[in-house]
Structure formats: C-alpha cells, structure tokens
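Letters A, B, C, D, E and F mark the chains as written, and numbering starts fresh at 1 in each.
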C-alpha cells in the first residue's frame, strides 16, 4: 500500500497570504499598485458570479425558495447575536457594536474563494448555487447591524443610504451580474471566456492574497493596541457563526461541501462591501476596530483553521444524520 | 432529429456590456481603474494585430494591392458621404460635421473584436488579413473629416497634426506592430505567447465591455439632450456605411465572413483614435457630440443588431452572386 | 531531406522590445500605465521564483553549498573588476564608478527571463535551481559597489541602508518568496495556479518588453550625450562578466543551459533593485549614467547578441571538457 | 495681466466622501471642482491609499469668498466630527472672474 | 529662512493638452513643471477621468511674475476658447531663486 | 469664518525620498502630510513617471511658521545637493488651529 502523505491543511494560496504578511513584518517596501487591487477584486467577484450562474444553468436547482429564505434568515441572525455580545461583554458603544455586527453579518468573498479552492484541491463537490448565497448574504447583515446601532441610539433609523450603498456597491453588482450572465449564457455559449475567468482564477486569487497579506501586515501593529476581547471575538465569532452556517446548510439539504461553504460564508467578515457602507451609515463608529478584527484576526483564522473546521463539521454531521 | 435551439443573436460578451450600462443606470458606484482601461485597450490592439500577422504568415494573401486600394477608398468615401448629410440635413456647423465625419470614417477596434467573436461562435471563417484592414482604416477617415471642416471654413488646411496624431497614436502603432511581429515570427515561433494573446482574448474583451458599458451608461444622460437627428444618424450611418463595406468586401473577393467584418469596420465609429486626433485638429468641434453618437448609439447598435445584419447581407450576396 | 531554415537568433519576445523602442523613435505618444509596469514586474519576479522552487522540489539539487559559495563569489568579483576599470580607464569619480559597479554586479531579472525563453525555444534544458542564483546575485554586487565608493572617498562605510534596501526590496523578496512557496508546495499542490504563473509567462514577458522598449527609447537620447567609453563599457563588461559566469557555471558542474544562464546573469546589469538601493546609498552618483549604460546599452546587447554568445561558449566548453 | 481675487479651498478627506462633498459644494455655489487620489497621515493615523477603505482624496475648489466660507462651514459642521478631514483656504488670482 | 517671492501658476485642462502646454511654458521661460492626472467638473461638464478622452491634468509651474504673466496670457489666447481650461495664480516663497 | 494663518509647505522630489522626508517632517513637528505621485521636469531633466526610478512625489505639509522653516531647512541641508527637489511655501488659512 503506497504511503499516503499527511495532507497539509492549508491550500497553496494561503502561502501567498503569508508572504504578504511577512513582507510587512520585515518592513519591506513591497507595494502593489492600487489599480491592481481593484482590478483583482473586480475579477474575483465577476468570476465567482459567472461560475455560479453557469453551474445553475447546467444543473437547475430545485427548492430554491425555502433555501433562500433560510440563508437570508442566517444573514439576519448573525448580527442579532453579535450585537448584544459586543455591547454587554465587549462594552463597545452602540456605533462600534453596530459596525462590527454589520461586518460579521456580511461575508468575505475572498474567504469564500479560498474555501472553494480548498474543496477543489480535495475533490469535494458542492452545490452549484453557492455563489448565489454569497450575493444574498452581502446585504442583510449590514442593514441589520446599522439598524441595531440606530435603534440603540434612538436615532431615526434611516437605512436608505446603507442599503443603497451595499446593494449598488460593486460586490453585489458584480456577483449578481456574473450570476445572471453565466445563467443566461449557459455552458455552451460561455465558451472562450472560460480561459480568463475560470482557468486563471486560482492564480489571481494567489496574487490577491499577497496584496491582502500586505494590508493585514499593516494592521498587525493596530492589533497590539486592540483589546483582548476584540481578538477573542475575531476568533470565536467565526466559530459560532460558521457552525450555525454549517447547520443551516445541512438542514436545507446542501451537500457536505456546500454546507462547509455556507459555514465559511457565515463565519467570514466583510472587508469590501461593509466598510464602505458602514462608513456612510455609521460615521460615528471607529472604522479601525472592524477592519482590525475582520482582516487582522478573522480572515487569517478562517483561511488557515476555520475552513477545515467547517468542512470537518459538515462531514461529521453528514455521516451522523445519514 | 434533435431540437435545434433558436440561436441567440448576441454573443455572450455583449452581456458584459449590458451589465456595465445597467450598473450606471441604477447609479452604482462601480468604477474600473483608469489603468485597467488603458491596459485592456493596449492588449486588444496588440492581440488583434498579432493574430492577423500570424494568419498572413500562415496563408499568404494574394492580390493584396487592389484590395488595399479598395479598402482605402472605402475609408475616404464614408466621411465624404457623411459630411454633407450632417451639414445639410443635420444643420451642424462645419467643425462638428467634420468631427463626426472623422469619427465615422475611422473604425472601432472593439466593434471589430465583437464581430470576430460573433463569427467564431458560429464557426464562420474569414480572410486572415482583416486586421490589416483595421489598421488601414484608422487614419484616412479622420484625415478626410478634418480636411472637409478646414475646407468648409476656409482655414488653411493643415493636416499635419491630425495625421501625425493618428498615425503615431497607439491604435495604429500597436495594430501595425502586432501585424509585423506576427508576420515575421510566424506560427512556429509565436509559440507560448499564444496563451496570453489568443487564449485570453475573449475574456479580456468581455472585461473591456463592462468598462465600455459604464462609459456608455454615463453618456445616456447626454443622449437625452441630443437631437433626434443625431440619434437617427447614429443608427442609419452604420447601416449605410456597413452595407457599403459588405459590398466592397464581396467585390474584392473576400469570404462572406470577411465581407461581414469589412462591413462591421465601415459601419463602426472610432472612439479611441479619432477623439484624440480630432480634439487637436478641430478644437472648435464639440467633443460630446461625436462621442455621444459613436459610443452611445452606434456602438450598441452595431454589437447587437449591426453585426448580424452585415453578416446576413454578406451571406445573401454570396448566395446570390454564386 | 526537408529544408532546415536558418534559425533566427532572437526570441520572438525581443521583437516586442524593438516595437517599444521604435514607438519612441517615431515619437509616438504610446504610454503604458505605471501600474501596469509595476504589476508586470511583480508577476515576473514571483513567477520566476515559483518556477525555480517547484523544479527544486521535483529534482532535489545535490551539492548546493559549494555552488552557492561559487555564485556568491562571482557576485562579489564582478564589481571588484568593474570599479578600477571605471576609475582608471573611464575616469569616473568614485561615486559614479561605485554606482556603475553596483548595477553591473547585480543582475537583471528580465534578461534572465529572455534567456530562459531562448533556451526553451531551442529545447535546451537547464539546472532547476538557477532562479535561486538570481536571488543570490541580486544583493552582493550592490553592496560591494557601494562599499568601494565609500572606501575610495574615505566615507564611513555605512552599508546598512543599501543592504536593507536591496534585501527587503521587492526583487529579492518576491524571488525568495516564490522559491519558498514553490518548494514547499511542490508539483502536486501548485496545481491550478500554474495557468497564471507559467502558462502566461512568455506573453507577459513580451508585454513587459514593450514597456521596457519605451523606456530604453527614451534613454537613446541620453546615449548620444554619453561618452564613447560608457558605451564600450556597456558592451564589453557583459562579455567579460558573462564569460566569467559561463566558466563558473561549467566549473561548478552546471549543464550547458545552466552555465549559459549563469553567464547571462553575470553579464546582465540590474535596473530594478540597483537603482533604488544606490540612489539611497550613493546619492552623489549621477543616476542617469548607470541607467543609460544598463538599460540603453547592456540590456539590448544581451537580449540580442549576448545570450546566444553565452550559450555558444557554454556548449563549446561542454564539448571541449568532455 | 488683469486678474481677479478668488479663494482656493482645499479639502483632503476619505475617498468615501468625494461624491457627497462635491455635490454639496456645487449646491452651495461652486462652479466646479478638481479631485485627485492622494495618501497621507494625520490625527486619524496613516492612510496609505493601497485600497478603497484606505484612500484619501484631495478636492480643490476655486470660488469667491462667500462660497468658500459657506462650503467650509458646511464641511466643518457635517464631516469634521466623524471623518478624517483637512481643510484650508488660500488666496489666488484668476483671469476669468465669471467662471469661478 | 531666507525666501524669495515667486508665482505658482496652476493650469487644469484636458489631458490632450499636457504636452503642448508644458512645451509652450518651457519656451516662454519656465524652468520646470509638475503634472498630475486629475478629474473634475466645471463649465464643460463632468470629466470623470475614467478614460483618455475624459481625463484632466493639473500642471503646476513655479516661476517669476513676468513668466507667469506670459504663460497665462498665451494659454488664455490659445486654449481658453475651445478647450476646458482652468487657470489660477498664487504667491509662493522659494529658497533657491536661481532655480525658478 | 474664523480662520487661522498657517504655512503650506510643498516638496516635489524623487519617489525614493517619500518615506524619509515624511518621517523627518513628523519628527520636526508636522502633524500630518499628504502625498501624491506626480511627473515633471526641472533642472534634473524630465521625470515622466513611467516607472519607479522615474517617478516624482509631491508632499504637502500644513504647519506653523517655525515648523515649516525647520523642515525646509532640513530638506535643503540634507537633500538639495544630490537629489531632484523643488520646495515652496505659501500662506493658507485653516479652521482648526490645534490640528496643524
């Protein structure tokens, strides 16, 4: 029987993230152009959407409406749980608690992409419409987080700007746009654009993770000033929300891979859509808090330990419930 | 006999254009970095040139000189027809008429690329040296348009700046440079650069069309202020010039695919080479007019209805003349 | 027997360089966005590192320590030879001589990439760990060049800034980072990122050479003002150092392809790492001198005549010593 | 050179505010503005401009004294408390008074 | 600090004019210039800078009064009518009078 | 509008110096700075900004007179001789004196 090597728990793209972090720690002047950051994030959003749309065209999804309802409920629930914890245990003011709840209620597209790469590497299938859930989960958490802050401060709860900002922000727009194009075009007609959007996906993700590593490396200094509570929250919140996501996934009948990805989404914290929307809707909140927790703690946690954990949970539940 | 689906008339890349337009219509803040726009246009020009040069090296073209003469004549003719129409019927002043004639006399490389994708999608062949015609048609129309404005205003017709601007502009330079490299290197030696320049072509075109959709979406507001004449001109001019292009193509012995592409070129209006050259050579012209017509009307018309029309015409003529 | 065409000595990517130079000579306004230049150079460095790391994981290298020592000695030797020549024969002041020695002591990653393409085109193998030598040769030459200038001017030789600048500069960081990732991940796990980092490599190199052609085209004007000595140095220095590199390669047991690449490295002059480090460490030096020689003379020489020369020398020695 | 006195109002702030502040300025009487992406540091820490949440924008507005005062006061009232904002005014001379 | 008075001439205009205006300025006596890509809005509408035809450039020239007047007048005469141009002048102090 | 006088110090120099000069400025008493990539030409020739070695940066610092003088003198002493540097100062008005 051939020697089966112990599987490295991290996907190779994670090494690129570590390279970026290390570059900052040794104080290298490595800097990726701002235009590249934006280009890569546009590409990733569009490619994830396209992939999802295409898969949905290939194998139509049954019973989508109840699944959508459950996923939206998950998006509403996460900030509802996070907010009181942040207020009571973390003693944050209502603005900061609302802002943090909004970031963790929304999702990180790049964490999702690392999760997809992790599954692909292991040959584990997942339900084709997961990218639809990415788009669905972008907005509700942000709206609820902002709403909670407004209610707690007896502000007139004007959710217009935040909702507009996130629904028309580039994340939702490109994800939904990609989904629609992939779904309308279908596998036959998507043809040659596959080479760019699918063939290069993982390489582009690796490059983006170098950039994100640089950004996180910059934040590590802020981390030293952050409270122990915030760091703990950044690790425990994804575990709790991620497990809730996995459970929801199993409950609505997703494959183990799909449930793991829904856990990844629920356990991830947004740093593209949420910061922009929250900055406008909750200007009183300190933006450094949410970014430090989301990017400095939760993102690294998820791509190294979180995703394997969500997958193991999903596979365990699958074996157990069968 | 299996069910043959009705063929969607639009290539999948057109959906990306629509996504960009919609993003602007719903007032999304989606913005692609300026550096990306320029990178993608440089790529497209170079790739089209390379492809053409390579094909010409593969199957040498016979009787090129008469074809070139005919194509140049077409480039001169289009603005000569457009100018009096714009003056008399459109009541534009000589500067604006000359500027518009220059834009429609030159060609749109991206429209050409969509045409190529449309043919490829249907498995329709075309003559290898069409990219040479793209390069040939860039300049003459602009020079003639500027000349007409100068003559009509009794200006000393100094065509130097406009000619220089367009001949040394990036469009002609990259097209001709690509043609030369492809032709000199030939299929054996072009080797591994194929993956970037040909394999990704259609995906890059799709990305560029998102960007162009955003630009056109911005222009739609200008469109409301545009005269009905200008909108009508933006639709009828490509039909007339495009048909002339198809006829020329058939007359000089191109394949139906080649004739359709020559029609696409003749019917397209420039928005890369022409605006830059005309701004310098005819500063008195209002640049918004030509851009609104070329980008806001003619480009969308061509990539949705125009190209299928030119192909149908070419195929009809082919069947008829055989 | 079929006709065997005479092999063109230049790789196709060199044509792209020539296109860039010509664009400047005809005074075209073609300009690539600065963000693209930086993106492409980051890509090339990372890809070369990855490739090397991967190859080293595939076929572990024996006797690496003596080879490393020899290569480092080569990096120290080149500026030690160049400096007195520049001082005595070229009559440069100590700062300019030190700066030039630093540029020629370090290496040009793009020249190396052209060399790799040249070998690949001919199906000639080379030792897998050559990219490691690229990283090793970046720094020592710069440090020695700066040191020589400081010693000659009785400055307190503070090498801290220069060493820091080059070791933490993006060249070394991305090369070493790529090597480490490729080596840790190994062929099985590198998987899908191959499409971006290896599949597109030569196309990206071609695009980068257009850009470099534009930069060199700009420098040609400076060249007219440069002394005949500087031009001669720009041609003879690579021949001398390149031959020394080939000899070293053969002596440490590299394949002919590997010895040719080590010659290419030794004969090349840096224009990414060295200018940045030398500007900080030797502000008194005129930066135009080194850039004109390295980019305006040595780089074009190497990619057209130098690389074939180093390969021929290596193959001759190989045949001779066998 | 026949010149006219105007104010140059410069606002350096988070990129997220560009659209709001320029819209406000036009509403308050500015005839135009010029904007550019910048990076920087100040009381709110370093903003290196590497990505959206970290980018500053510098907005320049040439206008008369009253409009400058109105915009400055509006920005002070609306944005000083919760956003990173620097604002300063200087005297400039223009050739076409009707334009600014 | 021993400083000398100079003018800072700022020209904001269409990107297509950068080369011409800087060449003209050097010919009229400027010793240097600094340019940066910007976006903006004014009498000629919005110029969002997304692509070449839509981009502005801001050109800064430090020079003495006479040169500033000469360049301003030349730009006024040559470009004001048909191009989007904003131009203003302010007083600055420099350390090296021979340089500007 | 209740304003306070400050200096605006502008330094245009090689991109390689950005980090050093901003660090020096903060050490000498500046409370912040703003930087932007620019291109230009001057005594040291054209710097078209196409790549790293060819790029300029424009650094703006709002501060009081003494700090402006200190930074200007430090830059003059340290960088004028060997680097491409332009430096000028102008008078500006700010709303929050404690900030600058």
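In this section, contacts are C-beta pairs under 8 Å (C-beta built on N, C-alpha and C of every residue); 3 or more make two chains touch, one makes a residue touch a chain.
Bear in mind that the values here come from a model prediction, so they are computed numbers and not experimental data.
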Chains touching both chain C and chain E: B, F
Greatest separation from chain D - chain, by CA centre: C
A-D or E-F, whichever has more C-beta pairs in contact: E-F
Longest centre-to-centre distance from chain A, chain (CA-based): E
Geometric centre distance via CA averages, chain D-chain C, whole Å: 46
Chain C and chain F: spacing of chain centres that average the CA atoms, whole Å: 35
Distance from chain F to chain D - Cα centre to Cα centre, in angstrom: 19
Overlap residues in chain A, where contacts from two or more other chains coincide: 29, 31-35, 38, 199-200
Set of chain D residues in contact with two or more other chains: 36-37, 90-91
Touching chain combinations (by label order): A-B, A-C, A-D, B-C, B-E, C-F, D-E, D-F, E-F
Chain A residues touching chain D - in the complex, by the definition given at the top: 31-32, 34, 37-38, 211, 214-215, 218, 271-272, 275-276, 279-280, 283-284, 287-288, 291
In the complex with chain E, residue positions of chain D that touch it: 1, 3, 6, 8, 22, 26, 31-36, 62, 90-96, 99-100
Interface residues, chain A side, partner chain B - complex: 33-35, 38-39, 42-43, 46, 168-170, 173-174, 177, 180-181, 184-185, 189-197, 199-200
Chain C to chain B touching residues, read off their complex: 8, 12-13, 15-16, 19, 22-23, 26-36, 117, 120-121, 199-204, 206-207, 210
Residues of chain D touching chain A in the complex: 14, 16, 37, 45, 48-55, 81-83
